[in-house]
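Have a look at this one before I ask anything.
Labels run A, B, C and D following the written order; every chain starts at residue 1.
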Amino acid sequence: MSLNALFLNGSLKTSEEPSNTEGLMDEVIKHFDREGIKSECIRLADYTIKYGISDDLGDGDKWPLILEKIKKADILIIGTPIWIGEKSSITTLAMERIYGGSSLTNEKGQCIYYNKVAGVVVTGNEDGAKHAASSILYGLTHSGFVIPPNVDTYWVGEAGPGASYIEAEGYKNNFTIQHAKTMAYNLIHFAKLLKENPIPAEGNLIET
Amino acid sequence: MSLNALFLNGSLKTSEEPSNTEGLMDEVIKHFDREGIKSECIRLADYTIKYGISDDLGDGDKWPLILEKIKKADILIIGTPIWIGEKSSITTLAMERIYGGSSLTNEKGQCIYYNKVAGVVVTGNEDGAKHAASSILYGLTHSGFVIPPNVDTYWVGEAGPGASYIEAEGYKNNFTIQHAKTMAYNLIHFAKLLKENPIPAEGNLIET
Amino acid sequence: MSLNALFLNGSLKTSEEPSNTEGLMDEVIKHFDREGIKSECIRLADYTIKYGISDDLGDGDKWPLILEKIKKADILIIGTPIWIGEKSSITTLAMERIYGGSSLTNEKGQCIYYNKVAGVVVTGNEDGAKHAASSILYGLTHSGFVIPPNVDTYWVGEAGPGASYIEAEGYKNNFTIQHAKTMAYNLIHFAKLLKENPIPAEGNLIET
Amino acid sequence: MSLNALFLNGSLKTSEEPSNTEGLMDEVIKHFDREGIKSECIRLADYTIKYGISDDLGDGDKWPLILEKIKKADILIIGTPIWIGEKSSITTLAMERIYGGSSLTNEKGQCIYYNKVAGVVVTGNEDGAKHAASSILYGLTHSGFVIPPNVDTYWVGEAGPGASYIEAEGYKNNFTIQHAKTMAYNLIHFAKLLKENPIPAEGNLIET
């Protein structure tokens, strides 16, 4: 069975600069590679994404390109840095745009995000990972994605300013690395399960 | 296939008084009844539940009785009223106690909550339902439950003091009632799916 | 005493379109007008605001213009619509940029936002106002602003899709209008108090 | 000028056991002692506090004793441990009870919490301090307290299980200790300011 994973990185920096969140995403990708899952990473800051609740805002809006990739993916992973204890602004923008497509339907009349599984990766230098994860996972389940157990992985350092994931060698943190593994496997288990057993079209059609 | 649903109601009132949250839970139960799912409701305020992060705190702690019911359930639904825009204190206590059992393992070495699906019901007179739902669903997925799409149902009235769900006849709100239906069906779909296809014990064992 | 109030509106729409959040901001402004407080409103979506944690990101970044206005203001009010139960992406961006200036100091060596008071206005059609207010007020106090009592005003309708503030005639909601008044007066009281009694430079200097 | 500070500790443990949150509260108290502010600490778990939104629930409810202390205090500090990235259940209960008294009025007809300042202390072993602080500070300002700038102090360790504040010697963390100092001084500055300049009774009376 061929499965595709899409990673959306909500770093405030474009891909010209290294991203700590990408560093932790790579730990999840290692497991996907081993299991034959194809991964693609998108740095959201590289794209012109317009403000508004719609699947296509026109006038140079590049979100439709990303939405096409989401439609083709079996697994969606949102990655975000933390600012003021929360997910980033550009991650918030991506969540709004995902939500803006949640009234689109598949051939059965269900939301287009049905049968897709989702998870979250968070990095920061001090605090706020669970808050960011909670917000993102809620937005995803509310928009139609399936949330398997334990699909949030994060790294933060001790209270206060300090080194972030890459510089702090967060990959040496057993808790973080173990969670990246559990996350990867539970996403794979559920993506396979749903590929073979799509959600029945009963009680969950979008009325138009 | 025989499935059991357990509803934990975090109202601040004991079952001697009517509960708005129970009123909305009943809408979910109607669908469960129709589909042959057995439902049991527990008013948390009726029990002596001690403070602490453990599955059994002894000394009159009644949480172990509730934990036994959770272990036997295929579907867990947390219901909560809203105070200051958040889930109630007794719901918070239940979440802590659920989390306190998340290191217990099933026969495969996975968390005991694996293969169980969970959802949330929220009622308030004005605002805070999504915040409460987000917090509860995160705590549940973080503790090992599966979150199908669109398993949060709620009712709130317009900004400011006013009638709550029962008095306001919230059951006449199409949005709320439609969500109760979608929630019920997606919980059933996933409970059946996991009964027949339990999560593989790969990459998700609790190390001891 | 001459006082200036600055309103930052985080609507996803530019000022070519009407804003419900502006509608409720106007209720606060009425009180400011009556008390001789000068108000200025900025629609954030009209400006090119770059992503990043800094007071000036260059290359066409218009945030420095807004930061200059914040520096001159005695009262700052953040307004936001609600999406997925939270503040908007552009409001999140403004909070990041405000935080990005919080290490700048006044002539005493305190944060530049000291002696300024702040409040929040939220509108949505269904739910999430307190969550948005909580996040914004925390970001503001964490960045150095003073939060007087009861400085959040909001309007939301009943659960589910429906008319927003303007169309729903939210100005007829006594709760919302009373809170707009309390907010306005408590912001004025504290702005005057701090103008005459600036925060002593003891225990709160930013070490460089 | 004589000022009183009241610390409410929402640890899940009674005072028979040491509390990490108390450990960090002690850092704030050191500054209060030096400045002649009288401090009293209450471990909430030592008291029978009933569930409900009221100032006195009778039948053995000990909250009225605590409410009397709040009424006499000039400074209120809420301390909480973190569970699942949030404030504790017993802290949530205290916030509900504080809110339950917010319709009581002082001799001017304002909320009884007016002219009181509040802050927050959070400790955990990994993550969630800002989320807990945000929730508590919002509940306090919404209930009528004044929030001076930078009145949240916290300590958390690196992601994952590990030593808590006392064992980890969190008092050696410069960021945490500096914030405890800023918090203490800004609480004192505003408590003094409000003692001499109470909030004018204009625009903020509770209508009955």
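The definition used in the following text is that a contact is a pair of C-beta atoms (placed from the backbone, for glycine too) under 8 Å apart; a residue touches a chain by one contact, two chains touch by 3 or more.
Bear in mind the structure is a predicted one, so any value in this text is a computation, not a measurement.
More C-beta pairs touch across one of B-C and C-D than the other; that pair is C-D. Across the assembly, the mean Cα position most removed from that of chain D is the one of A.
Chain B and chain C have Cα centroids separated by 36 Å. We define each chain's centre as the mean of its Cα atoms; on that basis chain A and chain C are separated by 30 Å. In this assembly, the C-alpha centroid of chain C lies 25 Å from the C-alpha centroid of chain D.
Within chain B, contacts with two or more other chains are made by residues 84-86, 130, 134-135, 138, 142. Within the complex formed with chain D, the chain B residues making contact are 12-13, 45, 51-53, 83-90, 92-93, 95-96, 99, 135, 138-139, 142-143. On the chain C side of its complex with chain B, the touching residues are 84-86, 126-131, 134, 154-161, 170, 173-176.
Residue ranges on chain A touching chain B, taken from their complex, read 31, 111, 113-114, 130, 133-135, 137-138, 141-142, 144-152, 178, 181-182, 184-186, 188-190, 193, 197, 199-200, 202-204, 207.
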